[in-house]
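Shared chain: chain A. Partners: chain B in the first complex, chain C in the second.
And now, the complex of A and B:
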């Protein structure tokens, strides 16, 4: 073995503990979930059959996808505007903006979900304000439904949408924008034909990130959905902890993991994922 | 492509300040239709600022920009219809070469057939027709530069603005593209305004050069005029090399005579008196062979010398005038150079030019 080869072997040995940990705490449980989904309550694909036969299973998946898509769309839109604003401001202003975007990330999801409940419930600040100013005469149902879930989730997701888009926008050479205008494109056309296409990688990365996050989101939908609107994660918890239907819960968990992997696989054909999430370039 | 003549452009007492900092101070400039004008100056002298004010990206703090006599100071850049080549090219990385070149036509809403024809013609013009489908990142620096040119020319702009279009290239390629640029200017007959800090490029390309220093427009004129008759010490030093001789002048029959210690230097030109600075180009000085004479003769010893390919560069230490730099082609050196060798320097009366000191204020009208 060459000295270099020995070196390489040495480094590999160093990560073996990490590898073992990964296997023990990450891969093994997933495999076990997979196993449970095809063995409980009896061996076979019975649980997976439910995907095609059970209306409640289909409803949960439908709700999850719908909320995921809506949340992603809104979070991307808000995040894009925010990221654009940040990218266009001076270095000092940028730091303050970035801080403002990141602060919510340091506050517990739980706290934020409860804060939204207090704001959005029938006697909450928003409804009271609207009633007082006479915009409405009946309190609006803003929470404990899909709307509430979407509001809470968008709020949680926006920072995750901003960061990849901002890093993508920062890579755009400002001279290219000047060039577009010098060649006769107005502000809007410069944005549509040059800025938007060049920021597309960040937009896609943010979209994937937010969408995948939303599919498996638990706390916010559980608190703001009020138990009436079920998303996949809460449904799984319900099956396993309350109804003790391990097989069904494990099946849905497997479907979730497969859905996420499939999204990533499709995407990796379209764009360079490593670049997207900022590894090297 | 040369049916339309170029535009005439004029800057009238234009200034640009950033807070207290003066980037451009009271610059006035006339560029005639079809002319090739170069803005030349060291880094930070305000070249890009002037170009950006012409293009409309930077708003002058004072003064006006006129195009064919029409005030365009307030017109946004996209409505000025100028072709531009930016410092560093600024090609659109997500578009192919052909799409880059088509961009100005697209925003002008040309029909597809016409657009394709023009793109092809423009790519032919810069000899890049084979690269139409490549992305800019797959091109060499020189090819990118030509794409930028094609993109700037494709919509027949009457005025082309170029910000250091060649600065990123190596010396040989730069020389090649200078030739191309000059040929292109002749072919399309448009007004070109070029920015550079490369004096050779300015001299070889331009009909007119405007020299800038610290935001002041110091002198404007044809390359020969600027080289032969620099208005100030800065111009003489920046455009080529120069010796400077300072002394007391008084008028004489052929112009004036400058006294410095025991030495007398005669020069032609308008008679003048008082403290005067002379600029003397190193290549206008000869090493006089035994017995020969000149209007001005100075004795000295070679302090150092080097062979520079096109000839010899000597520094001659003279008791009267200090160190004098001399540049001579090899065939005009009567001796083989050696340190300490006594030599006699001679130059004609019209070789030296009186120049002004640079107080940081422009010489009104220059000498041109």
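And now, the complex of A and C:
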């Protein structure tokens, strides 16, 4: 070991207590729980077999992926527009914009879900308003279905989409854009050929973040879905607490963990994850 | 997010207390009767040699006064005992976790008939010792099961918005399923229990011989109506769906139906006819520290009709003691599920049958609803 290496090893030793603590009180118990998926009700891979044989298991995964993808797409679109607008405004305006993006983050997810119920239900503000103005003559089904869930989840996710994209857009040198214009590119061409590719790492990072969050949503679907849409998190809760089929619940939890780690692994090849999670570049 | 009946009771109690419809003492008395109030600062270890029994409930205004109600009668009759409360919420999964961990600290858990059977078959709860608990203290065998006994009762009834049906309201589950005659969104619990029983009655089977359910037909019947239905997971949700007109009729707990009927001045009504009468079953986790004394505590909960009546007056939970019904004041009889007049209209849910079929059927029901 070189002197420099030994020096580094000394620094690593400093985090060993934290590592041990995490292993003993976090990682080990999680592995213990996940192990139930191959030990209950009988030892073996019977629970995982259900991934291929049980329509119910497949449906829950399908629903979760579908809602996750839709939410991610809409949140990215809205977030991109917002981030673009923020990145292009002056420093003072930027601060107000950021505040407006961050404030919803501090409101409890439960409160927000109930707020959406109040707005979207049959006799809610939106339907009443549309009825009064004569745009519709029957209340629209805006909540107690997947639409309601997506609305609630997108609302939750937009800030998470904005922040990584904004940080990546801020790093784009404005002179590059000016140069593109100077060389004869129009506004749209400048955006598509210069700005968009340069902001792509932020877009991908935001996509990963939002998608992974979406997979584990629990409260929003439970409150806005009218009981008719079951996503993975609530399904696991049902198996563990109510139906006492721990093996099956642990199997799905394992699948969720593996899916998230796999997404991260794939994406780590595309973007710099350390930057995504806040480490300096 | 599925909420159990007892969790919902606490929710209702808190609200009644806030609105001042019940005074604090009444609230405490009623919660005490339900076993929902923990002893203030329960001593963990029985240092002075007092033997402690732990009743596990579903939380709520739970940190004072229990000793005066449920505990006190038992403590008075059995010097040297202390009854403490714990509001962890003893779901079947948590009971399993505790028993399998090998360090059981719970004695008596507020559970359900079907969970009692499921847990019993997995050898996770103890049998009730009916030489100690008196079967004669309950109005029927449905309240004294092999693996649990019920000091209270509740019912899943048909409630409807009378403003939506000027030409006559629905009378039974067949009407509930009749979308031509009674158009509008239906409301059901996202659970197999009581929902499939109602479907079986809608199919025309004699309520007196309802069990075993024809599960395939019942599930098909549910599939028939799911597009026109919303589904609740907790009691307050069920109340909101009806109150706001989101649904025109629903199968909800009678405690919520009572509140709706009173607070909407009769716009929302409910009927006892074909309601599913259910037992509020308490179970004893296997290896509970109290041993035989846990059985004695359960026996005393069933044996005292007065606190059971207090509970009815406050929350609407029905007594199960046969001597309780005559003690109920006249204006509460309409809302007592085990009042003889109401009980004869209802069907007692078969907890044993459900215990054997619940896990599979609940999954099937969830699949249909979310399909």
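Operating definition for what follows: the second predicted complex is superposed on the first by the 261 of 281 C-alpha atoms of A that agree within 3 Å, B and C clash if a C-alpha of one lies under 4 Å from a C-alpha of the other, contacts with A are read in each partner's own complex, and residues count from 1 in each chain.
Keep in mind that, in the parts below, a contact is a pair of C-beta atoms (placed from the backbone, for glycine too) under 8 Å apart; a residue touches a chain by one contact, two chains touch by 3 or more.
Everything numeric here is computed off the predicted structure, so don't read it as measured data.
Q: Have a look at chain B and chain C on chain A after the superposition and call it: clash or fit.
A: Aligned on chain A, chain B and chain C fit with no clash.
Q: Is A:222 contacted by the first partner chain B, the second partner chain C, both or neither?
A: Second partner only, chain C.
Q: Could you let me know whether more residues of chain A are touched by chain B or by chain C?
A: The larger set of chain A residues in touch belongs to C.
Q: After superposition on the shared chain, which partner residues are touched by A:244: those of chain B (first), chain C (second), both, or neither?
A: second
Q: Using the superposed model, determine the angle chain B, chain A, chain C defined by their C-alpha centres, to the nearest 10 degrees.
A: The vertex angle at chain A equals 160 degrees.
Q: So in the superposed three-chain picture, is A:186 touching just chain B, just chain C, both, or none of them (first/second/both/neither)?
A: first
Q: Going by the contact rule set out at the top, does A:175 touch chain B (first), chain C (second), both, or neither?
A: It touches chain B, and chain C stays clear.
Q: According to the stated criteria, A:137 is in contact with first (chain B), second (chain C), both, or neither; which is it?
A: Neither chain B nor chain C is touched by A:137.
Q: Just to confirm the value: shortest Cα separation between chain B and chain C in the superposed three-chain model, in whole Å.
A: 46
Q: In the complex, go through chain A and note every residue touching chain C.
A: Contact set of chain A toward chain C: 55-56, 59-60, 63, 121-123, 144, 219, 222-223, 226-230, 234, 237-238, 240-246.
Q: Can you tell me which positions in chain A touch chain B when the two form their complex?
A: Against chain B, the touching part of chain A is residues 173, 175-176, 178-186, 189, 193-194, 197-198.
Q: Considering only the defined contacts, which chain C positions touch chain A in the complex?
A: 1-2, 91-94, 96, 118-119, 122, 190, 226, 230-233, 244-246, 359, 362-363, 366-367, 369-371
Q: Residue numbers of chain B touching chain A in their complex, please.
A: 55, 57, 76-79, 81-84, 86-88, 90-94, 103-104, 106-108, 151-152, 155, 161
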